[in-house]
Structure formats: structure tokens, C-alpha cells
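Here come two complexes built around chain A, the first alongside chain B, the second alongside chain C.
Moving on to the complex of A and B:
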């Protein structure tokens, strides 16, 4: 079960993981983007950590607040993408105060669909979609979430980017992990860890 | 990298403070938000014109706020698109009751954040439309092209059209006309350094240069050994000439922020000669820093085919500090 406190804990863990990987995210983005992903995500999750001190009556209310905060603080492309993912997930969580595996999965599927729609992107374009969508496909409670997410992140390394700033580099975008895929995996791992 | 800044996280707000304090006759600021608007507020009945994007491109975009150009500029973090709530503040500040046009550079983040803001403004009853500028010929797929220095011509022409009392549809049409014809390409011999991380956008050794750079410190599409500016100009013009027919054009040689004016004029000297030899008439010329990338050492060339309408709007008065006429 994912509780309100569990989701808060997940977001705090995501914040510290993003902080710990801030330079790595930035370096990946320097290689195939504009070198600010770590900085932007760190600014956004710092803001998220402050709203976790407030009380929420439902998972939906918390998820929506997280989404609005990310949208307002991250900037760039990641802001609207992560922001809309949490806002859409909030609609699936609704008034629930705890969510079982299947509700968490539906909420994340809403989030994933929203990232695809807002980013106008598909699987295989070397973006965060390459983590969200395949992670959720056939996801079962008995899966090793961490292993699956790590593998999906690693899989973006050999892809050629055809969407986002990395696409300007064409063939030379191969050989670098997509920074959005990496930050997505950090967030998803933190959430899945609290679903038990 | 040494920087003349205070707290890196405060760079944008301190820059905005400084601009408004230095030029109170032209700039106003929306309290608490990094949005620069006109000192005299939105003009009733005039179509509002809003642009913006990441900071680090000065004088773009705040330098183009003023009578005859933009009504508001939304200043995101360095090289990071501003957020939808910020853009919404810009839209509100520019709204004179006859609609607002957003000029957006074709970067995924900018397009998403400005579109979200347009949805929010629409919900508040403000009529908003937008034009996306994608003038960078370094990217071959037209849908993926970045918006770079050519955006300044869109600001100028759309701003003059709005100032002359045109409707939102008419301002959009002329902005689209410029956006669909303007073409640019840039290069750099030295990268720029991100203020927060202190790291260069890309690493270049002494003998290399990047061709086909964007304006966010990202690498170019091609890395080559450095050569003379004469042949670099040939290289960029080869791309531009494939898309702009010989005829009357406005040409802009734009510095990337760390290029001495002497070098920009040397560059322009070669650009002008080569274009004239190829049958182009340089009817309007602009040399200077219009759309920069922090301290990057490099330049871009922009060509805009001219007709009577565009020429008239280019020549119309502008009080904007970055494009005073």
C-alpha cells in the first residue's frame, strides 16, 4: 500500500537522490543537451520538499500539489513534463488516502500518457518516455523494479535521439544515457520502494 | 570560469532589478516575478506582444521591450524556459484588451511552457495566439529547427505591426511571414560557461570550432578544425543560400556574447562581399549582439528576404534599448 506519508517519503528520497546525482545529470545533459537538467531538477525537488511539510487529505491532493510545484519551479522541458505527469496521476489517485499496487500503476500510467502527449513523443526517441512506458508495460508486483528501471535507463545509451534537444546531435547522441530517463528512474524507484 | 555575478541562483532576478532601475522610463517589472513589462503598462486597444525564454541571451528578450516592439519579456533561468505561471504574468501585463501574441523560439521547453500559459490565459478570458520561430538551418529537419537570432526580426516586425493598430490575426500573419522566411546559422570558437555549475557548454580544444550551434551553449552539429573567418563565412553562407533566393534581404551578423565588435565587423565585411557577389542586395544591415549565449565567442548570420511590408515595419520607430530606431 502507498500511503500519503509513503508518497511523501518517496518524494524526500527522490530529492536526496537527485541532489546526489545532480552533477551526473548535468554532465549527461552537457553531452547531449544544454547542461542544466541536474540544476533544474534539484531546484524543483527542493521546492517539492518544502510542500511536504503541509498536510494533505488525499494522495490526489498531494500529487497535484507536487505537479504544480514542479511545473512552476523546474522550467525547461522537464518542468511541464514532470508537472503534468503528477497532475494527471492525481486524477487517478482521486480522494484515496492509500493506494494498492494496481492503483499506483494506473496513476503512473496516467502520468506516462501525459508525458507522451505533452512532449509529443513516442518510445524509441531517447527520452524519459523510454523509461516510463516500458516500465509500466506488463509491470507486476513481483518484479524487481530497480533492476528493470536500471536496465531501461541503460538502454537509452545506444539510442539515437530524435526528440528534444539531444536530437540536434543526431548520430553523436548515441553513447550517452538520456538524462531525463535517468531522473525518471530516480523518481519511479523512490515511489515503487514505498509500495509495499 | 570567472564570472562577475553575485549568488548564481540570483543572477536573473538581480539582472532584472538592474535593468528596471537603470531604465525606469522604458521598463517596468511585475513584482516578485522575473517579467519585464513596459513602464507605461499595457496599451489599451493594442495587440500585446510577449516573448521570452531562458536568460543568457541578452539583450534578448527584455532588451526588446519598448514602444514599437515587445510589451513584456519573460526571463527564465539561464538557458531554461520560464514556467507557465511566469508567462501568464507576462501575458496579463501585455493585454490591452485586443489579444496577445506570443513569440516562441522552437525549443521543446519553450513551446510547452508557452502553450500551457496560453491555455491558462484562455481560461482567464484573454485571447492569445502564438508564433513559433524555427530559423536555424543547421538542423536539416525543419520541424526540429531551433529558434535563434531570426527571432529578433519577428519581434521587430510584429511589434511595429501591433503598434500600427493591426488586429491579432494581422499581427500573427505578418509574424508568421517573417518566421517562415527568416534563416540563420551560427558557429563558435569558444563555449560559454553555465553560471551555476561553472562548466562549459561543451569542451573545445585550441584547434577546434563548433559549426551549427544553438543559443543555449549546446554543441554544434559539426566540429571542425578552426580556419579563417573568410572560409567559416563561406561555410555558413553555403547553407543559408540554399534556402534564401538572391534578392533584397536584411542581413544580421549577430555576436554570441564574447565576440569583439571588431571581429563582428570583419565577419560582416566578408558576409557582405560574398552575398553581393552572389546577387543579393543588402537593403538593411544589422551588426551587433542581438541574441547571445552568455560569453560565447562566435557569431551567427541571419538572412531575411524583404518585401515592402516587412521593410516598412523593420524601419518603424522602436524605443527598445536593444533595437532603437
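Moving on to the complex of A and C:
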């Protein structure tokens, strides 16, 4: 079960993982983007950590607040993408104060759909969609979430970017892991860890 | 009297936004131009909050234009999130050319829908 406190814990863990990987995210983004992903995500999740001290009466209310905070604070493309993912996930969580695996999966599927729609992106374009969508496809409670997420992040390395800033690099975008895929895996791992 | 269609320029760079404004003022001095360029601290980026503030500053109707990537994403997001009574339409096209066409058309008294048609033909 994912509780309100569990989701807060997941977001705190995501913040410390983003902080720990800030330079890696920035280096990846410097190679195939504008070099600000680590800084942007760090700023966004710092802001998220401050709103976790407030009380929320549902998972939906917390998820919505997280989304609005990310939209306002992250900057770059990640802000509207992650922001709308959490806002959309909030509609699936609704008034629930705890969510079982199936509800968490539905909420993440809403988030994934929102990222695709907002970014006008599909699987195979070397973006965060390449983590979100295949991770959720056929996801079962008994899966090794971390293993699956690590593999999906690694899979973006050989892809050629056809969406986002990295697409301007064309063939040269091959050989670098997509930074958005990496930050997506950090967030999803942190959430899945609390679903038990 | 026809309401003048205002412009909102969303760019990663405040200098780009200001540069476009300078350019348009020469061609269409009567058209109000609102800027959401860069982040609040002056650095490069786009911020949906600043775009929403620019929409609020509009009198009645505006056309919103953006440069690349996340500017476009944030512009569309702002239009989706905005709940007030201003009419705002987003046009996804090359920002300098689109702003130029739109400002001149608006200055000539065209309505928002006509300007959108004009943009589709000319950019």
C-alpha cells in the first residue's frame, strides 16, 4: 500500500537521489542537450521537499501540489512534463488516502499518458517516455522494479534522439543515456519502493 | 471599435523577447506586446508562471508565440491552465516571423481568428 506518508517518503528519497546524481544528470544533458537537467531537477525537488511538511488529506491532493510545484520550479522541458504527470496522476488517486499496486499503476499510467501528450512524444525517441511507457506495460507486482528501470535507462544509450533538445544532435546523440530517462527512473524507483 | 489583439512573446531568453519587441514596435507601435522571456532571475529558461502573468496583463485578447522546445510546451500548458476571462490563442511557428506577421496584422485591425489564418498562410 502506498500511503500519504509513503508518497512523501518516496519524494524525499527522490530528492536525495537527484541531489546525489545532480552532476551526472547535468553531464548527460551537457553532452546531448543544454546542460541544465541536474540543476533544474535539483531546484524542483528542493521546492517539493518544502511542501512535504504540510498536511494533505488525500494522495490526490499531495500529488497535485507536487505537480504544480514542479511546473513552477523546474524550468526546462522537465517542469511541464513531470508537473503535468503528477497533476494527472492526482486525478487517478482522487480522494484515496492509500493506494494498492493497481491504483498506483493506474496513476502512473495517467502520468505517462500526460508526458506523451504534453511532449508530443512516442516510445523510441530517446526521451523519458522510453522509461515510463515500457516500465508500466505488463508491470506486475512481482517484478524487480529496479532491474527493469535500470535496463530501460540503459536502453536509451544507443537510441538516436528524434524529440527534444537532443534531436538537434542527430546521430551524435547515440552513445549517451537520456538524462530525462535517468531522472524518470529515479522518481519511479522511489515511488515503487514505497508500494508494498 | 475592434479590440486590438495583443501579443505575448515566450522565449528562453529575455534578450530575444526584448529584441522581438523592439522589432515589432517599429512596424506596429499600437500593438501591446507582453514578454515572458527567460526565468525570473534573468537566466535562460521558460516558466509557466511568468507566462500566466503575461496572460493576466492582457486587456482582452492575445496571441501567444514561443520559441523552441520547453517554451512551446510551457506556452501550451499556460493556455490549458489559464482559467480567467482573457481570450488567448497559441500559434506554433517560427517566433520572429510569426510575431512580425501577427503584429502587423493586428495593427491593421485584424481579429484573432483572421490573424491565425494569416499566420497559417504566411509562416
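The rule we apply is simple: the second predicted complex is superposed on the first by the 196 of 196 C-alpha atoms of A that agree within 3 Å, B and C clash if a C-alpha of one lies under 4 Å from a C-alpha of the other, contacts with A are read in each partner's own complex, and residues count from 1 in each chain.
In this text, a contact is a pair of C-beta atoms (placed from the backbone, for glycine too) under 8 Å apart; a residue touches a chain by one contact, two chains touch by 3 or more.
Everything numeric here is computed off the predicted structure, so don't read it as measured data.
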Overlaying on chain A: chain B and chain C, fit or clash? clash
Looking at A:124, would you say it contacts chain B, chain C, both, or neither? Reply first, second, both or neither. neither
See if chain A has more residues touched by chain B or by chain C, and give me that chain. B
When the two structures are overlaid on chain A, which partner does A:36 contact: first (chain B), second (chain C), both, or neither? both
Touching A:165 in the superposition: chain B (first), chain C (second), both, neither? both
Which partner does A:26 contact after superposing on A: first (chain B), second (chain C), both, neither? first
Who does A:72 touch here: chain B (first), chain C (second), both, or neither? both
Taking the superposition as given, does A:94 touch the first partner, chain B, the second, chain C, both, or neither? neither
Once the two structures are fitted together, what part of chain A is touched by chain B and by chain C alike? 34, 36, 40, 71-72, 75-77, 79-81, 118-119, 164-165
Note: in the complex, chain C contacts chain A through residues 39, 44-49, 69-70, 73-74, 76-77
Taking the touch rule as given, give the residues of chain A at its contact with chain B in the complex, in rising order. 23, 26-27, 30, 33-36, 38-40, 43, 71-81, 118-119, 163-165, 167-170
Could you please specify the touching residues of chain B with respect to chain A in the complex? 9, 54, 76-85, 107-109, 112-113, 116, 138-139, 144, 146, 194, 196-197, 199, 201-202, 214, 216-219, 221
Residue numbers on chain A that touch chain C, as the complex places them: 34, 36, 40, 71-72, 75-77, 79-81, 83-84, 118-119, 164-165
